[in-house]
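Next come two complexes, and both contain subunit A; in the first it sits with subunit B, in the second with subunit C.
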Partner chain A sequence: MIPLTSIRRGSFRARGALAILAAASLLGSAYAAPDQSAQGAQSGPKVAARRLSEDQYRQAISDIFGPTIKVGGRFEPEIRRDGLLATGSGQVSVTASGLEQYDAMAHDIAAQVVSEKHRATLLPCKPADVKSADDACASQFLGTVGFLLFRRPMTNDELQSHTKIAGDTARSLHSFYDGLGEALATLIESPKFLFLKQGAEPDPDHSGQFRLDSYGKAIQLSLFLWNAPPDRQLLEAARDKSLETDHGFAAQVDRLMASPRLERGVRAFFSDMLGFDEFSTLSKDPVLYPKFTLKVVEDAREQTLRTIVDHLLTRHGDYRNLFTTPNTFLTTRLGSIYGVPVTARGGWPDAWVPYTYAKDDPRAGILSQISFVALHAHPGRSSPTLRGKALRELVLCQKVPVPPANVNFTLVNDVKNSQFKTTRDRLTAHRTAPTCAGCHKIMDPIGLAMENFDADGGFRTTENGVSIDTTGELDGMKFDSPAGLAKAVQSDPAATTCVLQRTYEYALGRPLGKGDNSTIKALSDEFAASGYKVPELLRTVARTDALYAVPRMDLSLNTPGAGAVGAAAPTGETR
Partner chain B sequence: MTGSATPHRMRARSEFSSGEHELKLKPIKGRQLVLGLAAVLALTNSANAAAAETRSFVVNWFYLASYFGEGDCPDGLNPSAAEFYRRDLQRAGHSKEEIDAALKDFPGEGGAPQPWIPLVIVRGNGKDNIYAAPETAPDPRIKLVAGRFGYGFNLDGLGDKSPNSFEDPNTHERGINNQLYRALSCIRGFRGPASSGGPTKSNLDEVHWDKLREEMPAFVISITASNGFSTDGDVSIVIGRALETITRDASGANVQSGMTYTLDPNPRTRNVLTGHLHQGVISAASKEVNLLADNYIVNAFEFEKAHLRLNLKPDGTLSGMIGGYSPWYPLYHGMTVGGYVEEYASSVDLPGVYYALKKLADSDPDPATKENRAISAAYAIDAVPAFVLELGRQQSASLQPSPTDPKGQGQ
Partner chain C sequence: MLTRHITRRSALRGVLGAATVSVGIPLLDCFLDTNGVALADTGAPIPTRFATWFWGCGLNPGRWEPKSTGKFDAFGPELQPLEAYRSKINVYSGLKVYLDGRINTVHFTGEVALLTGTVPHASTVEAPSIDTIIADAIGTRTRFRSLEVSCTGDPLHSQSRRSASAINPGEVSPVALYTRIFGPDFADPNAATFTPDPRIMAKRSALSVVAEERRDFMADLGAADKARMDEYFTSLRDIEQQLDLELQKPAPLEACSVPGKPDATPTGTEISVVQKNHKLFAGLLANALACGQTRVINIAYANANSSLRKAGASQTHHEYTHEEPVDPVLGYQPEMTTFYAAIMGSFADLLTALDSIREGDRTLLDRTLVMASTDSGYAKIHALDNIPLLTAGAAGGRIKTGLHVQAAGDPGTRLGLTVQQAMGLPVSTWGNASMETSKPISEVLA
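This part shows the complex of A and B:
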């Protein structure tokens, strides 16, 4: 551990290199070997380490210290693997610049927590003298928050070393709170917080096999249903081993399912599944699409998430009808693009108003929303190919091959071509090239049915003065409008299989393997029996033993990037 | 809130009759939005209600209808602020040394000393604020527009016999009354690029309106053509203020189209006019039109003997003019809010403007003094499609496909 006694007063918020060295030291030790001195913590090997996403980090800080603690800074980019960011989170580490950011954020957060504004409510004790060290008070506080930050009780060594940091710094700076802040910052920038490490233990029900230990199970459950690290109640259930009992486990699943935080988890899952991280780079040519402001981008994402939550959770609707539901929510800005009047009380532009499309309206379901048709289009023109690809990959979980490197897009991009006036015309000509035809025929017939939707999501019937033909086909199902496509997706078994697969992968934190087939089959049957109700699916997945099983091979992995757990249970049984 | 597809069928209870009209609105043309506006629809003949069509707009730009072209200011433009300040301070008895010292490094922006400010504020009699008491200074006789052309309306009905009137540079209609333009448009700040095909906004008008539209509720217009917009016939127009402010589009320069506004029911700012549609041009007149604006720059735009002429453009937007006789002192007062800033930044000699407006006022004589209190004026209007709803009668409709396609990409 780097001695911190030489740190000057008031400088702990931005101590840059020194703190980074300290954090790097922590990183190195964290992955060198399993924790050996845990008191009540996991005693088995670490089998998985997923890096906290930005949302999870923010939520953790908010849950532990309250929403008034601000989190500022840049987070490490997340990586999408096999269709999900969640499955990429076990494949990433922290870069040097990322470590700097985590260090700065940790010190900023710690400074807020120990500030005069917050210390009275967030700290359980007061020091005997604010100008000197108080190991008892520091230890009490660090042990309490360390339990929540590390998702397990701190070991004696950990608590002592962090208490020592608090004491050394306090003596050096003549400030108990500066010392405590420094110690807290080292907790927050620790890989034990930044990485959701899960430990394993022998599975008493399956001789020779392993399963997640109680704390690992709590992490698995909480990440899946709440997109957040476990709260104190769940961690306490892990500590007192009640999570190991059928009754105790079921009670926690019920609690998490009944919590308002489930909505946050559902939002996170569908944001991941639908690729909403692409919103961060979404923009349109302001000359061609003057209505497409940054606020519209924000609203578009929120519109679809509201539609999903309303349909799946509030109305308890059939997942398949998400593609045809006439119910949604609009702001005045979205109304301007969709071409419908939206008034909110007081003219508040950010207000959300429930909206129901008429039966014969061409727009219904989430595929007709800006979050799909604009997100999967070019800045200056629509794209049947991108839309078809997105629908195949995101909604139906089908892989579309990567285009060859030498494709000539000149004709496709020539939106003013006098001979090929519509996108359909241009794509038809483009597909005459044999190297292009193979892939385009699985994307374009889908996307062409959405050509009524311009690149910003607005409705149109002509392109360059020519009527738009919206006939299309999805795996043999023919249609002639966006609504027809929506109905085809609604009735496509691949759509329900896909959301099931993604849900399970999201919960596991890794893509499916061959050993998961039996579990998927069992889940699929239950999903169908429920009438394709997503809350039932979430509950079933959460209670699937396989979600907490550990593949034998993972026992040798003990570093970041080890991926996630969840081996196929022999029967895919649930409890 | 529910939506419906074309053709829209909206049910609106008339304020003016006991009947209930079921209205079938035609599909949109151009990039225009069609929606019901109950009060406006109620003005239409119930027998023709089925063919009625309503288009609504939010005002994007609103500015003094000016013509900038050859011969408009034959004696040149009015002096710059540095020049008229020196002139006035000289006349007020300050020595050359005092004036040189005061105007050294004029205007001295960005935190630099501005010793000229306390002098010019009282440059009339040395003690009273000249903007509040412009009579404390003599009339500097600012240069006025003296050209042949100008935009506006034949307000006095005298046609080419109207004294001091202009000729419309495009239609060549004579007898155009726009003394406000005559008073202001040889001032440097009130100049703009050469006119081409219609009124041109001056630099100051652009700045003023851009600020004004940001701060005040939007101006909205809703037009109902009793026989639809493809046929000549009677129209009714509601022009007023909304409860909501404008939303800017992605460029930041223009108002976003397609947004929804609610009409302010306050009769002080809600005006209903009847008019006529002829070959895409709407003409209407009314005893008065009042549009409440914002206290900071212009409290209200008021027009007596109001005239309105609006063109429905192929791209779905609206352009035109509104004119009438406007009380001139509130217009002057609005400019004095900026005081010396307005003067030095835009070379507006405010006492000169005061005297010009007073001199050119051409309507509403004061019974006691016989001096006119209103001045002929015309403002250009550019508006974009919007939904405009009556308060408490919020309705919905779905945007219909656009048969015309300005950018070749639809929508």
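This part shows the complex of A and C:
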């Protein structure tokens, strides 16, 4: 089925009562309006169901069954929408070949859980007879894990039907544990596990508005701070309603913020924001860049994430200095590309060694790292345009328009032409063409300052025998080196606005709408007041009421009738 | 003199008399009707199969089209690698994509418009791709509704889409594809015995519990989310059907032979790696078709802005299309054009894999319709006219082959409509806005 994407405005008036349903589809897929025809009308609207990402799936299994349970298999690819995979997760489904994989993984996980090795620790009871069904024991186990897997208590019907699967299978295969495994696998491949469906309820503080219910709130909070479904404690707080109280809610936010798992959440957020999913297909031509192995690719990703965690969490640093910090971590492999001697303890190649660049070193900050300069380059050469585009889109949240279809690159990239030896020469010739100038002048002057970095991230001062000119410009700020560019990004207000916007979108799981303006304004003031400390930003966002509101639709798209869904815009008030 | 005539009736009598699921006979030609097109005893026709094959960055205009239309004597130079199969191929020239004012999201628009019949709205796909429409019609009684591979190592390079939210990811590793098709869950149709696996029975009945929760789960969702969840439950139905089939003794298939497990291969965009993996995929997929595992295969040879590259080269195929100067003597980009030879050479590998399997009086290729498409005409300027399109195979006799059809200025959806009709779908129009057509390419319909 193809989602309805265009509706003529006039049709609302004519259809009257159907308007609410029709209007729901206008939201794309973010939030659902109350569906009056459905049986659950009195329980209010349901918020859209995001699909668990691979990391969230792995984390959930590890949290529930312990890290010794292995998760192997191919996950459905994630899709980036409006700058984030987190936003795309509300717009993806499961294909037949994807479900085939989820099915295999679910059975594999379940088989491990009920295996002789694990059953003693993971199962709360033993069957009366291992060769037959034991409904009491099966139901006890399934009810416990079902609560964690579905992120809410199972209904009686659900528990009964899954206990029945365990019983039927146990009888036909003459094995209690095989039966229990089958029932568990069914839970793990259920859409109730694979999709994070959040419920809504009328907001007692704002009449006519809806907010997430307790379990929905727990999901929102946990995905945001830990990149994982809620753990048992958070779900218990939803069940006993303590999450509804200001005190109980604040206690949970504090607990999540103080947990070592926060680091995982921060890593997940920056991996998403900086487009690190592209690492899965990153490779360089082995003839030109023999040192750039798969291990280097892994290390490069880890290097930047370590730098981020160290700077933002451990040192409690200013976000802006992430672009200029001389502190990082290296392995011997990375050292060989950066041209830095790294002595790992005992010569162990996987060991991480803290490293601080000298004051005058051209390398500083995360944009000089392989994870940026090599990720945004071609397999066989550097690319000022790709780097400039990535910096605009990923770091500054500025959209670069798509190139026009009919572009003639021939003259400018005539490699045999002795006039144009360096990339700068070639691009300059290209940029002067009027159709290209508009976009290239916002990308290339940024990227050209990074030309000291080769396609694999190595340092160079010449290209084809000619010395490289690294002068450049970012919105009026001029510089003549990669370090100068780093300083310009550090002082660009767009950088802090961007991380704030992405953080909030990531937390919401949808792109910003008009109704979010006041929230963004309020968050932005607090972020500035904190000295651009990311942990403070996370805490503030986590405590923003609007994060848990089910917003009404954009009125500009609606006509009378459809407006009945929501009354007042969510406030930007923070607790 | 005592002669024993084995008739299909005498051979079957004993077997069916025993009323068992253990049937241990190969499918001899005597089980086919006299035309060799149907399984005589059941009357079920040998199925027609469908394949899509996609490459990026078009071909050089003037260098691929045959000089004459109708039956033709020679391909243009860039289709030369297909010469051995010329009599089984049709060439379609002059077809184009109409944008109707929508932007040309370069490479993507052409790819999607030809395969879905609808110009995408920027980067949003608004209609399902043709392979999923055909798979829904002919693929529901096989273990896999369709099989997708992506030869460049990126599963998202697949062109098969049920909707904007559901791309059928391509398998990137031949070993993984082998395991998926011919691994432990494979039931050899020609095996002597068959015992339904009680575990599969248990799994089948467990899944029906999930399926029964459909109405409840979807009841309180908005329209767009309902559509996404519907996709999940459709996928679930596919798995159930797959299990149902695994519980039945498969009909014997003469042409089915189980291939050996390929060695693990590296993946990537370097052209020799792509060619090698493609050839392995082609062999496995041809066997999967012959063994009745699926009727629809989709091969993404490359992505639309072709990432193919040569070892040691600093540019990709796509970059060469824009950046290499046109050689003034030759009139084309010589380095870029070498990629076309490699691409068409690989397409020939697929045709070899299909044509070397015999089914009755014809080959698997004759019973298949392969639609090969790309994203642009002259890639250097992202041209959306004169886009090179090919079909191979006779769709079990429903397509005439060895023809060149020139349809200058017609929407490329004419081919998609023709293909659907040849595959037996009851459609009379296909496509959207200016891409809508009700005019199949009747020259090739038998």
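Convention: the second predicted complex is superposed on the first by the 501 of 575 C-alpha atoms of A that agree within 3 Å, B and C clash if a C-alpha of one lies under 4 Å from a C-alpha of the other, contacts with A are read in each partner's own complex, and residues count from 1 in each chain.
Quick note on the criterion: contacts are C-beta pairs under 8 Å (C-beta built on N, C-alpha and C of every residue); 3 or more make two chains touch, one makes a residue touch a chain.
Keep in mind it's a predicted model, so treat the numbers as computed, not measured.
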First (subunit B), second (subunit C), both or neither: which does A:G248 touch? neither
Counting only touches as set out at the top, which of subunit B and subunit C does A:G143 meet: first, second, both, neither? neither
Contacts for A:V353 in the overlay, against subunit B (first) and subunit C (second): which applies, first, second, both or neither? first
Of subunit B and subunit C, the chain that contacts the larger number of subunit A residues: C
Is A:P535 touching the first partner subunit B, the second partner subunit C, both, or neither of them? neither
Have a look at where A:R381 lands relative to subunit B and subunit C in the superposition and call it first, second, both or neither. both
May I ask you to decide whether A:V287 touches subunit B, subunit C, both, or neither, giving the answer as first, second, both or neither? both
Tell me the contact category for A:L173 with respect to subunit B and subunit C: first, second, both or neither. second
Which partner chains sit in contact with A:T186 here, subunit B, subunit C, both or neither? Use first/second/both/neither. second
May I ask you to decide whether A:I165 touches subunit B, subunit C, both, or neither, giving the answer as first, second, both or neither? second
Just to be sure I follow: which residues of subunit A are touched by subunit B in one complex and then by subunit C in the other one? 286-288, 381, 416, 455
Partner subunit C, residues of subunit A touching it in the complex: 1-5, 21-22, 24-25, 27-29, 31-33, 35, 38-40, 43, 45-46, 48-49, 74, 76-77, 79, 91-100, 103, 107, 158, 161-162, 164-165, 168-169, 172-173, 178-179, 182-183, 185-186, 189-192, 194-195, 197, 281, 283, 285-288, 378-381, 402-403, 405-411, 413-414, 416, 455
How about subunit B: which of its residues touch subunit A in the complex? 1-5, 33, 35, 242-245, 247-251, 254, 256-262, 387, 389, 394-405, 407-411
Report the residues of subunit C in contact with subunit A in the complex, numbered from low to high. 103-106, 121, 124, 126-128, 144-145, 147-148, 153-156, 162-169, 171, 176, 180, 198-199, 201-203, 205-207, 209-210, 212-213, 217, 219-225, 227-236, 238-239, 242, 268-270, 309, 311-316, 319, 322-326, 380-382, 384
Residues on subunit A engaged by subunit B in the complex (per definition of touch): 284, 286-293, 332-333, 335-343, 346-347, 349, 353-358, 360-363, 381-382, 415-416, 452, 454-456, 458-465, 468
